[in-house]
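Take a look at the following structure, please.
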Amino acid sequence: MKERIEMKYTQGFYPIIGKENLSRDIFSLTICCHEISSLAVPGQFVHIALPGHSLRRPISISSIDREAHTIRIIFAVKGTGTKDLSCLNVGNTIDIVGPLGNGFTLLGKDKKVILIGGGIGTPPMAAMASYYGENAHVISGFRDKTMVILQDEFKRYTPNTYVCTEDGSEGIKGFVTMPLEELLKKEHFDMVYACGPIPMLKAVAQVTERYDTPCEVSMEQHMGCGIGACLVCTCKIKTEHGIDFRHVCKNGPVFDAREVEWNG
Amino acid sequence: MADLNVNILGHDFKNPVIMSSGVFGYGREYEEFFPLEALGGMATKGTTLHKRNGSEGKRITETPSGLLFSVGLQNPGIDYYIENELPNLLTKNTNILTNVAASDKEEYLQIIDKLEQTDAPIIELNISCPNLSGEPYGVSCSSTEMITRAVRERTKKPLTVKLSPNVGNIGEIAKAAEAGGADAVSLINAISGMKIDINTRRPFLRNNHGGFSGAAIFPIALRMVWEAANAVDIPVLGIGGISSSEDALQMIMAGASCVEVGCAIFKDPYAPIKIINEIDQWCDDHGVKDINELIGAVEPW
Amino acid sequence: MADLNVNILGHDFKNPVIMSSGVFGYGREYEEFFPLEALGGMATKGTTLHKRNGSEGKRITETPSGLLFSVGLQNPGIDYYIENELPNLLTKNTNILTNVAASDKEEYLQIIDKLEQTDAPIIELNISCPNLSGEPYGVSCSSTEMITRAVRERTKKPLTVKLSPNVGNIGEIAKAAEAGGADAVSLINAISGMKIDINTRRPFLRNNHGGFSGAAIFPIALRMVWEAANAVDIPVLGIGGISSSEDALQMIMAGASCVEVGCAIFKDPYAPIKIINEIDQWCDDHGVKDINELIGAVEPW
Amino acid sequence: MKERIEMKYTQGFYPIIGKENLSRDIFSLTICCHEISSLAVPGQFVHIALPGHSLRRPISISSIDREAHTIRIIFAVKGTGTKDLSCLNVGNTIDIVGPLGNGFTLLGKDKKVILIGGGIGTPPMAAMASYYGENAHVISGFRDKTMVILQDEFKRYTPNTYVCTEDGSEGIKGFVTMPLEELLKKEHFDMVYACGPIPMLKAVAQVTERYDTPCEVSMEQHMGCGIGACLVCTCKIKTEHGIDFRHVCKNGPVFDAREVEWNG
């Protein structure tokens, strides 16, 4: 399509040049894709088509390498779509639309921030850690130590990393809000960024509100178009006029935690 | 280059491919993939009298070769549409079908009265939304004819009525719309379907059931378009599960003057453009000079 | 090992999985894959008064996640069945549903009279064949009730009536069957669908349209089973697009006492066996001691 | 399934151990499958499931190697199913039910027979040629020389091979009935076996009837179950009581040419 060059969104088939199995059922794919790598910012996502599936699958961009023209995605096998995705290998091409959505608000690199990832919500924090470097404190939460991912990478960017596991099999026993609260108690932070399951995001939102610290959360919702046309991917947002139904794909996936209506 | 122009509803459609209501918003998003003027036309999101937030909970899920959804007609309301969306759409050099939905006659008429003041060129009267509470008008002949006539009396604009597939007599329903004064019928809307999460023992959609669309429903849609086209003299806009030029051509041969492409665009944002190009190619390859030759060209046994 | 026994139609079904009519002949072929006694039951090929050769031309084609067929009820006739097939089936230690089809009431009654002389344990009255000429009885409430009652008066055997999905009011139709004296309803039969060969411009099936089955139709079947189960007090046999234990469990939660597996067996000849084993496993994993707990267990919003 | 051992039909996933691209869009797969190779006879078929397809695809068994426990199938890419089949490679497994249907009637190996294959109907004749050896006369018909397959193999079994192409680009210009009629004129043959498009089979049936030579033809029809339960794969057969609708999968695919009702 000759028009594509001037258009905002890109759809294409891009080669997979790297694949890793990070832990049981968690995979990383590195995709060579200049159009997306040159535009993408942390917190955005790609929408992936898989043969035999009528809906694309949204997956966050976990890191962006503008020099190598690559992006990396990290995903967990949940159902049939991510299962099929995990069967793609180096040398295969992948059908992607992206970059989609709004990324996290990036402050000056000298600002002090906390990055919180829960489970398969940790990957987008890799790009954030690479941006903020040692000014980032990275808290990751997992069910148990077999699920822990990305810690070596975080440690390359910053000395300040914290792992929590629900069963205490690695790092702190408990939830990400424990180190979060301790950090906020001790120091001033300019922003907290969080991605993970809703209960975690809600807890993080409550803590940051208590400490009056700005917080951005990345939300999930089942999607159709991925670009704001079909209105299926709602997120309830508090506005002056009451609750409004916004859309994760176009208005998000990143929202200001204070604006999200967490009850429902 | 075959002649793909089809004249229906008082307008020239430069090709027979229209984007279907609800998957395409008011055109702003997919315009970032291709210019709207490439399309024969587009139907807007179903627009109601007042702003609606739509359904709670999850709104979409995948099924084998299809999807199940319940948006609950989220839309900004007709006034917002007239003020902020329609003027923009009218600059796009394609046919705009304003898809209108309501839960009772009064509401329909108020919307129509407002549209009558505008340059909106074509009305697509949605009497078949599977996700509103209460029975849609489209499930019986008498209510189909009644609502069509009521709207007909209030507007001079070309009017196509979007029919419900959740009926046993689609030909009769199409006739009722024709009798009520429709200039065309659009069909099918999504079929009523359901999915249950066996772990929570809850229906996946808050509305319990929802609209079922996609390639899966194509054989049903084609049969209904064929029945409707055989029943009426007005043009038929064929909708339902179209994801390839072959599907579109089957619909046209079954009697559709134009086709509407719906959720296939979720999988491939260029689906409508590819379908247009491939129809053109197919016509060339098969010596078809004018797409109108193919409308209703199927020869039944 | 959960208790999978369901008692309906006056019989114990050792598990809730029945092979659906038409895909399974009279059991002789798939018996070469597994013993019939593994099944909760099986419905025979739709059997008519006289031998029928069935439809001309191609009889089956694939669609996305489904298939379209028109067999035209090829079968050897009820006398042959009674003499050569039924006695064999009665030795198989599973519940045999004799599926009976006809194009008018007289024929139905003649078949029923013949069956009444036999040990055929259960009758499944097919009033919904999409491939016979003329409207099937199953498309209106009054004809559904009429034919059910007529048959009811002639037989003491447990009677399930197999309903047509090509209607707008499946709940009402189910009620009509109940009012006519049915002991259960079986639904859905295949949906009327169509396919056109764009090169020959001919419908693929000689009957122009045909029966549309398979995973594609599951969301529609589930919604209809749910509506029917909510409308009647008699048991419902859930049919349509079931290809996994998850599908079967959704149907059961929607209100089906048993399920019938149809064309999924074409893809996987062991499909019914796997579904039975997986239901058992799922019940164990989820602390369900008795499958009857799950019937109608869905909690609507 | 423990019952499987005593059952007549087998369904299983078998490894592909050989793949060849015989000509444009024609592929051969060698499948390791003891259950099938030990039972199969020439003219039978296998029914192949492919992910994303609700119906299996019937493909003839082209050759059988009981020692190696393999069968070979040869197919042309026609639609989406055979396209997907052509994407399977050595190392993949293939989901097969078989062997299905009735094979050709095998006479004594000393009998003189003619084997006729048209286009993608030639493969089953490979197993027949291997059986009859030099007593077989093999006639193969193709559209043009780019479509010609299996001739080297036929020549390994018998010196009597004839190729016809419609455009004369290889061998005899014309249809398989030309060499067939010449052979029948010259000599007595005990049987003619044919597989290929219906018009060819019909022409072969007429010629063999004229020369009063027994003839068996392998028929095709769209299939559901593949084993005789669903009654979709009809072939019209002349009987004493008039026309009967038999089924290609169970009563065929091989039928006596004189019994087939060719008109309709």
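Order of writing sets the chain letters: A, B, C and D. Residues in each chain are counted from 1.
What we mean here is this: contacts are C-beta pairs under 8 Å (C-beta built on N, C-alpha and C of every residue); 3 or more make two chains touch, one makes a residue touch a chain.
Model, not experiment: these values are computed from the prediction.
Under the contact definition stated at the top, no chain borders both chain A and chain D. Rounded to a whole number, the gap between the C-alpha centres of chain B and chain C is 33 angstrom. Averaging Cα coordinates per chain places chain B and chain D 47 Å apart.
As a whole-number value, the distance joining the C-alpha centres of chain C and chain D reads 36 Å.
Under the contact definition stated at the top, not a single residue of chain A touches 2 or more other chains. The set of chain B residues that touch two or more partner chains comprises 63, 65-66, 215. Chain contacts here close into one cycle, and each chain has exactly two touching partners. Shown are all chain pairs that touch, namely A-B, A-D, B-C, C-D. Those residues of chain C whose C-beta lies close enough to touch chain D in the complex are 22-25, 28-30, 32-35, 45, 53-54, 56, 58-63, 65-67, 69, 71, 74-75, 214-216, 263, 265-270, 273. Those residues of chain D that touch chain C in the complex are listed here as 1, 3-4, 7-9, 11, 49, 53-56, 81, 97, 221-234, 243-245, 250, 264.
Residues 57, 63-66, 68, 139-140, 166-169, 191-196, 198-199, 201-203, 206-209, 212, 215-220, 222-223, 226, 241, 246, 249-250, 253-254, 282, 286, 297-301 of chain C touch chain B in their complex.
Across the complex, chain D is touched by residues 51-52 of chain A.
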